[in-house]
Every structure is written in C-alpha cells, then in structure tokens.
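Quick one: structure below, then a few questions.
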Amino acid sequence: MIDKQVESVAGAVDDVHDGATVLIGGFGAAGSPIELIHALIDLGVKDLTVGSNNTGSGQVGLAALIRNGQVSKMICSFPRTANSTVFPELYRAGRIDLELVPQGTLAERIRAGGAGIPAFYTPSSVGTVLAEGKETRRFDGQDYVMEYGLRADFALVKAKRADRYGNLVYNKTARNFGPIMCTAAETAIVQVEEVVPAGGIDPECVVTPGIFVDRVVVVRQPAQESVLVQEGQVYP
Amino acid sequence: MARRLAVDVPDGSYVNLGIGMPELVAQFLPSDREVLYHTENGLLGMGPPPHPDGVDPELINAGKKPVTAIPGAAYFHHADSFTMIRGGHIDLCVLGAMQVSASGDLANWSTGAEGAIPAVGGAMDLVQGVRTIYVITRHATKRGAPKIVSYCTFPLTGRACVDRIYTDLAVMDVEPEGLVVSELAPGVSFEQVREATDADVIAGEGLADPGTGKGGGA
Amino acid sequence: MIDKQVESVAGAVDDVHDGATVLIGGFGAAGSPIELIHALIDLGVKDLTVGSNNTGSGQVGLAALIRNGQVSKMICSFPRTANSTVFPELYRAGRIDLELVPQGTLAERIRAGGAGIPAFYTPSSVGTVLAEGKETRRFDGQDYVMEYGLRADFALVKAKRADRYGNLVYNKTARNFGPIMCTAAETAIVQVEEVVPAGGIDPECVVTPGIFVDRVVVVRQPAQESVLVQEGQVYP
Amino acid sequence: MARRLAVDVPDGSYVNLGIGMPELVAQFLPSDREVLYHTENGLLGMGPPPHPDGVDPELINAGKKPVTAIPGAAYFHHADSFTMIRGGHIDLCVLGAMQVSASGDLANWSTGAEGAIPAVGGAMDLVQGVRTIYVITRHATKRGAPKIVSYCTFPLTGRACVDRIYTDLAVMDVEPEGLVVSELAPGVSFEQVREATDADVIAGEGLADPGTGKGGGA
C-alpha cells in the first residue's frame, strides 16, 4: 500500500546531506515549514544551497538555519524583511553567497525545473543589473533574458492537509511556493496539520497531486514564524 | 497623492499595489467602483486589513501584512500569480520610486551602495508585465534631492516602463516628447515643478485652463 | 459591479472575426464547448486558425466548424479519432493546413503564451521529423527543441460553474486545456452550467481565477459531443 | 504479453499506459501491488472502466474511453499533466510500437506514407520524459514483417528511449551491447526469436537455465 507518511520530522529529513540544494517554501512568515527547518538545524548538515523567497526573520526557522552557519548560498528574491538581521550580517561579512533573482523569475525557474524545461525566456530584469552576464534575445521586437530551470535535491514545504498518496491542499496565501517546489525536488518533504483517508480530499480541489510528494509528516499545531518572532523565540 | 491617484483607477480593473505608499490607494477608491486587488504572493480579491481579532498569519499581502479575502477571491501558487503579472493580465500597478526618469525608467529597489543588501522581490516582473504602471512618490527626497530625473543613477528596475507619475507637486505623464505635467497640486505652480524636477518638463494642455478642474496654479 | 456574464452564446462570440486565431478546449469529446462552437458556425466567420487537441468527431462541434469551411488551419496533436472523417478528407484535398505539435508541447506553448514566456526549450520531439526546421540546443549534454509561446485572439472553453468575477471550476477530465487556454487568449469566452454568487466557489478550489476570463455564458444542459455523435446528429 | 509485463510493474509506481494493448496491463496487475495510473488528459488515480450505467462522458482516458477515478485521485489541467510527464515524475510508461530498433529507437505514430494523417498525441512527450519505457508489441506485423529492427524506417517517436520490449515471442532488454533476450515465451526457442528479429539479438544469462523459471526453450 502506498503510504507516504513518516513518523517524525527528524526522520523526514534524515537523508539531507552536506552540500545539498534545498528549496524551502514560504513567503515571509506564511507557509514557512518551521518544524522541518528546525529538524535540519538538529541534523546539523552544512554547506546547503537554499532557494527560498526570503531569508527568514528573527532567530527561528530559516534565519536560525542561516545563523547556524549551515547555509553557504541563498537563491532568493528578497533577502531582507522586517526583523531580518541574520542574513544581512553574514552577507556583509562575506560568509554567505547570494543569487538574487526577481520573484517571478524565481517562481518560473522552479516551475520549469519541475516541468522538464531546461531554460526559457522572460522579459523580467531586461536592461537591469540582474540581467548582466545573461543571454538576451529578441522576439517580436522585444528583448528577453534567458533563465534556467531550477531543480533541487530536497524541498521542504508546509501544507494544510494530505492523504496517504501525498495529495495536498494548502491554507490561503501559505500556498505560495509550495506546489511548484514539490515538483522541482528529487525528494519533496511536506509537513501537514493532518492526514485524511484517501478520498478525503476532493479530487477537483487537490492543489498538489501526490506524484510530486515523497514524504508527509504530521505537525498538528505548527508554529507560526510571525508569532515566534514576536515572542522573541530563539532556536535551538 | 494616494487620494488623487485613486480617482484614476478604472472601474472593474485588476490592480496590484506595491508595498508602502501605494497600499494607501485602496482606501481612497471612489465608492462607486469595483476593483479587484492582486497580491503577488497568491491572492486575487484581496480585501482590507482584518479586525485585530481576525488575523490569520497565513493570509498576508506582498508587504507581509495581514489582509482579508473578499467573497469571490481565489488563492493560487507563485507560478500562476506571476502568469497573471508577466502575461499582461493585470491592468494597473502602482509602485513607489527612488528615481523615475523622463523616459519612464524606474529605479525603486536598490541604491547600489556598497554593503547594501539587494532585494528586488516582484518589482522587475511587475514593471515588465503589467499594462499600466503608475508611480507614486514625493517629488524630492527628504534631503531635497530630485527624484524625477533625466537619467536614473540608481540601478534600474525597468526601462521605459512608467506611464504616469503622481507626486506631492504634480501629476506627470511619460510621453514620447517628454514629461508632460497634466495637473498641479493645489497651490503649486508649474514653475515650482520645473525647479523641483531634474529633467525637462512640458506644460500639459489642461494646465492653462483652471476651468477644466484639472489645472489650477498658485 | 464586475459581472462577466453575457446573455447568449451568440452574443458571447459576436466579435470573433474572419482570420482570428481561436483556441478551443476539449480533449476528445470531454470539455468540448459545443454550444459556443455552434454559435461560431451560426456567425459564419471564416479563415480561422484553430488550436485544439483534436479535430472533432462526427458532424457536430469542431468537426462541423471544419466541414463548414470556416477553418483554414488546425494546430493540434491528434487530428484523427474514431468517427473523425471531416478533417482527414479536407486535409487530403489540400483545403486545410495542419501544424502538428506534440500534446505536451501544445499544452506548454499555450501555458507559455499566457504567462508572457515567448519561448522555451523542451526535449519532446528531439530527433524526430516534428523537430525539423526548429532550433535545437544542448543543455547539460541533452538536446532540446526551442518552441514558441502560443497566444490567440479568442478561447472557447467549457467549464462547470462560474461566479460573476469569472472564477471557474471544471468537471473531471473536461478540465484538460480549459485553464491554460483562458490564460492565452485576448478574449476568453466560457460556457458554464451555472453561475453562482460571488463566494459560492471556495477560494481554495478555484481552478481558473476570473482574471483570465472575459465572458461567461450559461448553457444549463450542455450537449455532450460523444452523445451527439452516437445519435448521428448533424449541425447545422 | 500484457500479463507477462504486468508482473514487472513495480509496486507503488506511477504508470502511464498507452492506448490499445498497453491498456490491458492494468487488469493483470498482481493483486498485492498498488499502482497509480496517470492518464495524460488530466487524471492521476485512474480506476477501471465504469459500469455501463455509471458512464460520465467527461471522465475519460487518453484513449477517449470512459474510466473511473479511485478515492485519492486528482484532476489537473494539461500543462500540469505534462509537467508530470516531461519533468520525470512518472516511473513507467507502456507503449505500443510499429517498429523498435536495437538501440531503443521507437516508431509508433506514423507510417510516413503519402496521404496519411499524422497524429502524435502525447507519445513524444512520454518517451522523453518518463523514466522507464516498456514497449508491448507483436514481434511481427500481420503480414509477417519484423517490427524489431536494426533501424526504424518509419518516422521516429524518439531516439534511444525504449528500455525493454515485450512481444509474443520474448522479453528483450535494450542494452549498450544490443538487444538482450532475457526471456522466451513458452514453446519459443531463442533461434525462433533470432529469425523473427531484423536485428542482432543476444541470449541473456538466464536463458540457458530453465531452472530459474525465467527461461525455457522449445
């Protein structure tokens, strides 16, 4: 019987290795898989390349992973937010690399990676410093930049509900990068609040079909990054 | 400025409001218009901020602030959200600016200064994909430096992408012949605008005639 | 008030013009917007370029539109099916052009067209006659074909339910090309079985957000192409 | 053939079955295995054909035949469906063939004949995107022409894409050294396979030893 559920967040991430590329869902605090990220901190893997829209905030979740020296490179669109001090400090100190990508290009690169598209053309960033060194090409009189599909070894994603096949639904704007990141990772690891029986998710409303999901772990009452930051929590 | 701009938001349009001053536009929308707000993190049909008791940390806007969803809203993932933007489906985007040039170049994401943390978000996608780009900004920085300039010195967000500029002094259209001042703020003269602008400005047709309700000088 | 509903199928298509490019939803008989296609036949527009996975069957719907001499070119992946005789006859007679595209490439071209992507690379068709004359390029040691985004003047799509904003849900495998075709057309015209009040579709379950839809028309009990063909119906 | 192939479908795999003979594989799947069937028109978790009273013309498979959906199924649009295919998410695809070459080239969509209506469907996407491609076909055409050949003369669906071939005579693996016959149908000799094949064939290791239960000659 197909059953993608695993027992613990520790077990869900235990094969993430030094040097791995990891896509981490979330936009700001919404959809950030805090418990899975903390399991990565517990695991202690190093030299990670992380693709995520932001760089976390406060001293928990992604910001804590970075502060812990486990991330050697960030691929993101907006590496500063309110309460985000960890990344800027390391970046200025030259201790972490940054690949800055426009948000829509980041999304499309991930989507392309998952869809077997090695490269595509986009108008975003044409004529700016972010297009420097990139191939450009003219179609119908307009210039476009060539961008590459982005794939990863792992994706860490937060969803609301799953079934044993790994079908997922999300909560509101916490959906953000989750569905596309699941498609672009060799191993997609998802934390959900509950697992329902097969058929418990309307097949018309499935957002991420289970084929894109490898492991599901239940975190019944996930921490909200925004709340942890307000409370001044620090991990570990 | 936000109040003035809100009058120009077409009824029935799909609108994306940038972070900061642009967000203020929504509260000034004339009550007889229906507009659907898109926020690029994955919501179409964004409503006003929630009552403090009704905050869902997983229902936020692109500025990471809590919002609500109207009846008839839709949630979607980032690739679909930027399909809306890049594919030309959004009618109007209102953005802030660090500098806007006379040819409509926009710089609003980085000073390019040593040690600054570059952060672009969706701005480069918005300026390329959305049909009409309005900029809302003070005419000058707090230190008095002009923000409406001949050429942007800060790193660009996009070239020739701005259609109209709303400042505390005037409303200006980016036209092939240059920056056309179509409207002056109450008590502001065209001469004041000219002096505060680091680019040539042209007096629009309506300016000379206060009777249109669009002009009016000092 | 935003309300995309129009009164009649005739009114919904009345600005389709000679020479227009029209994407028509459906895979086989599932999801074929029969009533909208019949309205095109009534309208009598000519010289259409039609993008659709198949070429219709029997003497109704898309097959009838083709038989009526209104289509000068088909862009499709599978122009023959059981009960499909209209297209083959015209094609052999040299009276209709065919651009044959692999099904996944057709889908991706439409998706790209709707997403502002002018071109992309795909492995599909590499080394085959369908890649002849197309630009190829090597990424990471594998060959890919460059394909262009596909946009159209109009899309005709069948969905199940809409609200006044044009948000859509579909029925089962009738979803097929509908969601991507709505994104790729200047004017997306959708027939639905019912229109519900705003909020009547769960925002988590919207398949096509209304921003991609221009007109909605109610066809309460749409004809099923497969049933019409079985019955030997002929239109007009 | 379909029965023999079904034994090799891995438990827990995602499988796409082509139109025609490949569809038969599902009914022979060993009962202790759970496999999820993908049909490229937009369904994952395809079930068996419906009872005649329960036919929904909008629930069909890629062969346009009525099917059912299992509990835990999901519907999706075509771009998402081919994301599954092109993105390498489907484990196994079973396809029919007009010709297969010794190097794994497949021709299964067109004879290339004058006046023929070319129709490719999703075959070219499947052979490029799916991790493992099994072909199921008679060893020869009805007229006796070999279908397993040195070089395909019909237009290709894809190059070097086939992993294994199941015919009425044998099971053959496409290996770097050539076509390796790993198994013979009951009552069929290696010599018969050699004669019926228009390409060099190599006897696999298991063939000589009927005791393995995998071989067995005339």
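By letter and in written order, the chains are A, B, C and D; residue numbering begins at 1 in each of them.
Keep this in mind: a contact is a pair of C-beta atoms (placed from the backbone, for glycine too) under 8 Å apart; a residue touches a chain by one contact, two chains touch by 3 or more.
From a predicted model like this one, the values you see are computed outputs, not experimental measurements.
In terms of C-beta pairs in contact, C-D outnumbers the other of A-D and C-D.
When chain centres are defined as mean Cα coordinates, D lies farthest from subunit B. Separating the centre of subunit B from that of subunit C, both taken as means of CA atoms, is a distance of 36 Å. The geometric centre of subunit C is 29 Å away from that of subunit D, both derived from CA atoms. Averaging Cα coordinates per chain places subunit B and subunit D 56 Å apart.
In subunit D, the residues that touch at least two other chains are 69, 75-76, 79, 82, 85-86, 128-129.
Multi-chain contact residues of subunit A (touching two or more other chains): 108, 111, 115-117, 122-123, 170, 172, 204, 207.
Contact topology of the protein chains: irregular, matching none of line, ring, star or complete.
In summary, the structure contains touching chain pairs A-B, A-C, A-D, B-C, C-D. Residues 27-31, 53, 77-82, 87-88, 91-92, 98, 100-108, 110-111, 122-130, 170-180, 207, 224-227 of subunit C are the ones that touch subunit D when the two sit in their complex. Here subunit C touches subunit B in the complex through residues 1-2, 111, 113-117, 163-165, 167, 183, 197-199, 201, 203-204, 206, 209-212, going by the rule given at the top.
Subunit B makes touch with subunit C in their complex at residues 12, 14, 34, 36, 38, 44-45, 69-76, 79-80, 82-90, 128-129. By the touch rule above, subunit B contacts subunit A in their complex via residues 39-43, 56-61, 64, 69, 75-79, 81-82, 85-86, 112, 115, 117-125, 128-129, 155-159. The touching residues of subunit C, counted against subunit A in their complex, run 108, 112, 115-123, 137, 139-140, 142, 144, 148, 169-170, 172, 202, 204-205, 207.
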